[in-house]
Amino acid sequence: MKRIEAIIRPGRLPFVKEALEELGYPGMTIAEVKGHGKQRGIVEQWRGRQYKVEYLPKIWLLIVVDDAHAQQVIDAIVDNAYTGEIGDGKIFVSEVTDVIRVRTRERGEAAI
Amino acid sequence: MTRTLAWARRAAGAAAGALAALALVSAAAAQEPTAEEQLASLAGALDTAWLLVTAFLVFFMQLGFAMVEAGFVRAKNVANILMKNILDCAMGGLAFFAVGWGLAYGVSGDSAGPFAGDGQFFLRGFDNWPSWIFQFAFAATAATIVSGAVAERTKFSAYLVYSAVITAFIYPVVVHWAWDSHGWLSAFRDDPIGANGYIDFAGSGVVHAVGGTAALVGAVMVGPRIGKFGPGRKVNVIPGHNITLAVLGMFVLWFGWYGFNPGSTLGLSGGLADLAAKVAVTTTLAAAAGGVAAALLTRALTGRYDLGLTVNGVLGGLVGITAGCAVVDAWAAIVIGAIGAGVVIGGVWLLDQLRVDDPVGAVSVHGFAGIWGVLAVGLFASEAGIAQAYGESDRYGLLLGGGAEQLGIQALGIAAIVAWTAVTAFVLFGALKLTIGLRVRPEEEERGLDVDEHGIEAYPDFGSSAQGLFVPVAHPGGAD
Amino acid sequence: MTRTLAWARRAAGAAAGALAALALVSAAAAQEPTAEEQLASLAGALDTAWLLVTAFLVFFMQLGFAMVEAGFVRAKNVANILMKNILDCAMGGLAFFAVGWGLAYGVSGDSAGPFAGDGQFFLRGFDNWPSWIFQFAFAATAATIVSGAVAERTKFSAYLVYSAVITAFIYPVVVHWAWDSHGWLSAFRDDPIGANGYIDFAGSGVVHAVGGTAALVGAVMVGPRIGKFGPGRKVNVIPGHNITLAVLGMFVLWFGWYGFNPGSTLGLSGGLADLAAKVAVTTTLAAAAGGVAAALLTRALTGRYDLGLTVNGVLGGLVGITAGCAVVDAWAAIVIGAIGAGVVIGGVWLLDQLRVDDPVGAVSVHGFAGIWGVLAVGLFASEAGIAQAYGESDRYGLLLGGGAEQLGIQALGIAAIVAWTAVTAFVLFGALKLTIGLRVRPEEEERGLDVDEHGIEAYPDFGSSAQGLFVPVAHPGGAD
Amino acid sequence: MTRTLAWARRAAGAAAGALAALALVSAAAAQEPTAEEQLASLAGALDTAWLLVTAFLVFFMQLGFAMVEAGFVRAKNVANILMKNILDCAMGGLAFFAVGWGLAYGVSGDSAGPFAGDGQFFLRGFDNWPSWIFQFAFAATAATIVSGAVAERTKFSAYLVYSAVITAFIYPVVVHWAWDSHGWLSAFRDDPIGANGYIDFAGSGVVHAVGGTAALVGAVMVGPRIGKFGPGRKVNVIPGHNITLAVLGMFVLWFGWYGFNPGSTLGLSGGLADLAAKVAVTTTLAAAAGGVAAALLTRALTGRYDLGLTVNGVLGGLVGITAGCAVVDAWAAIVIGAIGAGVVIGGVWLLDQLRVDDPVGAVSVHGFAGIWGVLAVGLFASEAGIAQAYGESDRYGLLLGGGAEQLGIQALGIAAIVAWTAVTAFVLFGALKLTIGLRVRPEEEERGLDVDEHGIEAYPDFGSSAQGLFVPVAHPGGAD
Amino acid sequence: MKRIEAIIRPGRLPFVKEALEELGYPGMTIAEVKGHGKQRGIVEQWRGRQYKVEYLPKIWLLIVVDDAHAQQVIDAIVDNAYTGEIGDGKIFVSEVTDVIRVRTRERGEAAI
Amino acid sequence: MKRIEAIIRPGRLPFVKEALEELGYPGMTIAEVKGHGKQRGIVEQWRGRQYKVEYLPKIWLLIVVDDAHAQQVIDAIVDNAYTGEIGDGKIFVSEVTDVIRVRTRERGEAAI
């Protein structure tokens, strides 16, 4: 099973979500995070004095899927999070050794 | 055709002075009004202005209550408490229009009985507008006190009924007793109890103790919030969501209190202006003393200056001085305010011990400090103070050598008020419990009342990085 | 050398009474003023006091507007809407000083025409200060209404221009029509249209419908926010960020309305005090009815007591009563307020159907309820009410048997006002669209106006665990 | 026994008019008061009403200060700054009662000296209540200014001492100099310095420059917040947590300023009503000009309309006009306000260069703009303006052709005030530093003052998804 | 070593924590997140108009434990996060290759 | 590729960031979390009554790097997050099987 962790632009979330919904993904978890990669912040000001905001708001998206569907999910995210500008974000994929559904105590792929 | 206002309006547009207006008024009347009549009319206008402005200030206290209560509850119940604050004021206005005023001050025949007024329901045959607006603002104050004590768990529909009944019935009857010249407790009765009758200048008892007692009955009957009290004697802490709002509310209340207390002279002419000013000073000093006392007391007790209790302490000082503001000296106001804060802090602790859950401290601030305020008159009223506000008398504060009579009357009065309110509130909440129910379901309480009762979150898009996660900012095609 | 104020100032320091001051004034004048002159001067002072205090209350409504609007927008546009609220008030003050007053009430020669005033620009040759401050506060109110309707997408510089033009030109002309004694619609004209002229006591039409109409034109011309309307008939919801602020604003507005309506007597002497008090009562009852009606209506329609619409409902009740507050009875105020809330709720729904995006409901609250308020005068004005405020007349509310004439005049008046405002606002917004542009770029809109226009986030360091992530709390060495 | 109030109270309950009340008053007195006496009494009541209402407005500025300061600090120091705002007002009340009034206006024998009052401590032998409440509100204003400048790092107990000393001693002495008729600078002295004495109508110097100077001394002696200044000339930015609160506070302050400036006529009778109205107009125009100027200036300087500095700019305009509001023309008020905003913006920049850390801009707004306001009188006071407010004189504003004398006196006055405040504040803060210490420990500062000094977080349960993580919502069994 | 990442109902956190405390767990990190799986949101309204809130508030819980204690921790979470209703949440388990304690620079199991 | 997940003191973030910047790290994502390990909360009070705050605010830091740079990044974090007091935090390292850069659809090390 794959743990797919994507950092995307907040404004793209509805599109990503819609696309995932069409795929029939099992579930997702999101959080508001901040970050920077190549895109290095913007200049804001406070009482007239300017300063660089180092971190920009992003959405962190966690989806755990079985191996079979991982590529589909990744494609859906990439397609819909894409704008072509610096700051579009990244997806990190790692292995999950076990999944447990609390409600049913099911384990493994059945629990996803 | 006389165009008085037209002229006045025009006067605003051009440079015409009041001379013209006056002249016009005179001309309009068949004959010249005498200088004496003109003077009386002007004095009346000034008194009306005072009633209006102070009524507006008292009304503004609604915002203060709303913000203190909102700040002291959790984020998931904010919309609910705000809605209750709007609606108790709005329902209160209609209820006080329909029934409340009539029971408080209404007269159908020659005079009303000692228990309740009996006329002018729906303001029929009524035109004393300045008094109505002023008294409405007080009624709304009494009503709104309860919402905080029963916050975070009470059904909205039950609260609506409660707020109509207290402004229509429970509170007005007490007003009649204590402030109408026919009321059995009234200091304005021709033949009052004792030398002076029950002295409660702006309503530590009539307004605050009524609200506080109803709040206590409500808090007991609704029961504590889930998780407030653990097994054994464990008392959990459930912090509110925004202390800034609570402080905002406190300052608004203090500001509004300058309508509440000084406005209770009900006028300025005939020497009342001096009284109003003195009341403003005693009110200030008591609030200040309450704040300082609470800060120092909490520092002594907990090692830290506690902000939440300092907010409550200022309010306790204000509630405490409300009965006696016109009849005590400046130094006494400081003592009363400081003790008021102490009473509040003790009350908060006591209620926890009794496992009564009052999220905002309404019972302590309005109930306990209200009772203290009424009794303080019996202890601290000065001879000159009573003379200025109520007429010469040799019965005044016990601690100033005026004997125990006034203290006795104060005790009697507040006992009667508390008893009346406790019984009627018990019946009211009991009836609600048996019918529509007082309390939301536990799941609803855990989820917060906002979502289930109002379908809303108070801060759906808050925060520095708020991305409006809930918001469908755009839709990528598709028919719907 | 006369030292009037010196004495007054000293009077504050010592215990000197007003007697001395008066005596001094007398001494200063060559001969003793007669008692009648003194009376008139005192009456004038009282009238001025009323105008000032109520003007301050009306000014305070700026805070109410700012908070309601801030609460109803997303966090990313808060600084922008606040800045607009500050600046429309500030620009409005300067514009009303330079041009606005002159067009509204200014007189250069003997009298002004029926369409607009023609003198006292930049307050040259002017000293009617109480009127100016009062009228300024009203002008600022009219101006600020629009900001909410065009929120979250309108260019700041365009908004600045708009706000100067409405306070300098669009609004003052309407004031002249309706409130100056030379205005063609004016009830204060020597020879008014019909028996009474157009009756709009405190400005449901003159202030609110002007603001609301300009808001509608603005909202249409700026277009909806990105994502508000989906394909087909889809209407998306874009919740605001802080409902507590909206409620705070609503209470402040209600409080300020006690300046808006009762203050519109423009004085207290000569019987106006009673009128002001009555106005305070009708205002209260309409607001209360608006709140209760909105709560119950939304409960009936959506199954839940809706807080956002209850806020709008109270305001709808207030806007609705503003025209008729002086001429309708208490029961009628309740009816007008309740219907006002209904009009607002219907309006919110209607605009969604028409795909007009008004984030805060300004068009419904001020526009639709304002029109309703003007018409309500034609339906509910009582004979005695008109007599008290405008002079005896046998033409009054249709539903009370006073015939249809007044309703017709009201309809004519509001039609003229809406038409004037719609046309001028259309030209204004059109010109802005063609020149500096009305709307920010889509990227800017998505990111929020705060960052691009003002370089700020409203809550950069908020939250219980806010760590000031943006803040360079310390720098570990290095030359910069 | 006379029952004046009883009747008044009853009058509220029934429909009795003021006529009856007056009659009663007359009856109560042994003989009929003459019409003249009645007039004087009524004029006195009106003056008192004005003092009271404007005092309440000035008091309300406490909320404004609290909110501006709270908005401009980080979330971790919010409870601390709020607590300081409550306590400086509360301590201030008690200190001004005990000592402050006595030093400002108190008279023990025939007259006080030019340096300080010498009687009526603890309000002994005192009954000028209206003046006390008005002057208290001013004293509280002077006191609260400092809290913002030393925010986020100052020990709470040290601040408590400071606030008592400034209201008890530092500020009242300046009041005596400038406003008591015995004060050496006073324009109300029989034989003032120069033709008119030092003119500071509502206290640009007496209140704001005192507060601002003490703020500067405090900020310097406490030192900058950790991380504010980097190595070299680096100035870091530490954004506050809630700009909405700052705007809320600004509107409340503007509103309260209508008490501060117009209320400083200290009455309305005897022609003062017109003066009060004019003051309201100049105050409005200066605030408006300050806001517009700040917005345009920051746009020119930084490319963006800066909200924080616009808030400061409005306040700078208000502080700037405070000295001259009664003696300058409308156009001059606009100029003064606009320059006031410029002074504030320059001041903010300058303090950064000097590495003085003033988180909210108190030194610039109250100190620098206050000094500007005092000097502006010497530049812009009109002949007619001085005549109306202070008596005929041929020495007035330099730029209007009135010579340099007044400007010289203004400079002398403000120099004396600033020097006095700087020295006493230096001694005070120095003594505090050596004894209880001025500053919290660095760890405490990093963690935020709220947790260590008050054991609280301001927003423990905030946010759209706040789950009350800290709250033991329920306990799964177990004895405790 | 195992990285145990649980998404649970906010209201269950105190119970989960209490249970873990009894186990003597080494530490935990939590955050407020939003998510949906089978439980698909609730209907809210804004100024009278209803809309579906797609994501419900959840608590994200991170505990890194040595392999020996992983099962115990998982059981404690499942037992105490359980209500039986849709929305009870899920637990994802993955491998951690290294752990470092900042204060002591210890590494591996010693650092947990 | 390594997924480096650090829980650090909020006040140390600027220092850690500065150090990472000098290293030329590819990007980072942060979030505000709460947690406790050995450091067990502080006592706060609400309206006079004291209670223990169980969770203290921390910063969660996510950096994905290629294997070659992992140790450098870890060292930079440890060096700069260190104060020596309990509560300094922990770093968890795990394997990432794939990385995708949304903007370019690059995969693997190239995408980091």
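Think of it as A, B, C, D, E and F in the order they're written, each chain with its own count starting at 1.
Note that in this section contacts are C-beta pairs under 8 Å (C-beta built on N, C-alpha and C of every residue); 3 or more make two chains touch, one makes a residue touch a chain.
None of the values given here were measured: they were computed from a predicted structure.
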item	value
Pair with more cross-chain C-beta pairs in contact, given A-D and B-C	B-C
Pair in A-C, A-D or B-F that repeats B-E, with over half of contact pairs matching by residue number	A-C
Between chain E and chain A, distance of the C-alpha-averaged centres to the nearest whole Å	18
Between chain F and chain D, distance of the C-alpha-averaged centres to the nearest whole Å	46
Distance from the mean Cα position of chain E to that of chain C, given in whole angstrom	52
Residue list for chain E, restricted to those that touch at least two other chains	11, 30-32, 34, 44-46, 50-51, 54-55, 94-95
Residue numbers of chain C (touch at least two other chains)	35, 39, 41-42, 44-46, 49, 51, 53, 127, 130, 236-240, 242, 248, 302, 304, 306, 308, 446, 454-464, 466, 468-470, 472-475, 478
Sites on chain F touched by chain B in the complex	44-51
Chain A residues within the chain F interface of the complex	2, 6-8, 31-38, 54-55, 58, 60, 74, 77-78, 81-95
Residue ranges of chain A touching chain E (in the complex, touch as defined)	3, 17, 26-31, 64, 94-103, 105, 111-112
Partner chain C, residues of chain A touching it in the complex	11, 34, 42-46, 50-51, 53-55
Chain D residues within the chain B interface of the complex	1-15, 17-19, 21-25, 35, 38-39, 41-42, 44-46, 48-49, 51-53, 55-56, 59-60, 62-63, 66-67, 70, 78-79, 82-83, 85-87, 89-94, 97, 122-123, 127, 129-130, 132-133, 136, 156, 242, 245, 248, 452-464, 466, 468, 470-475, 477-480
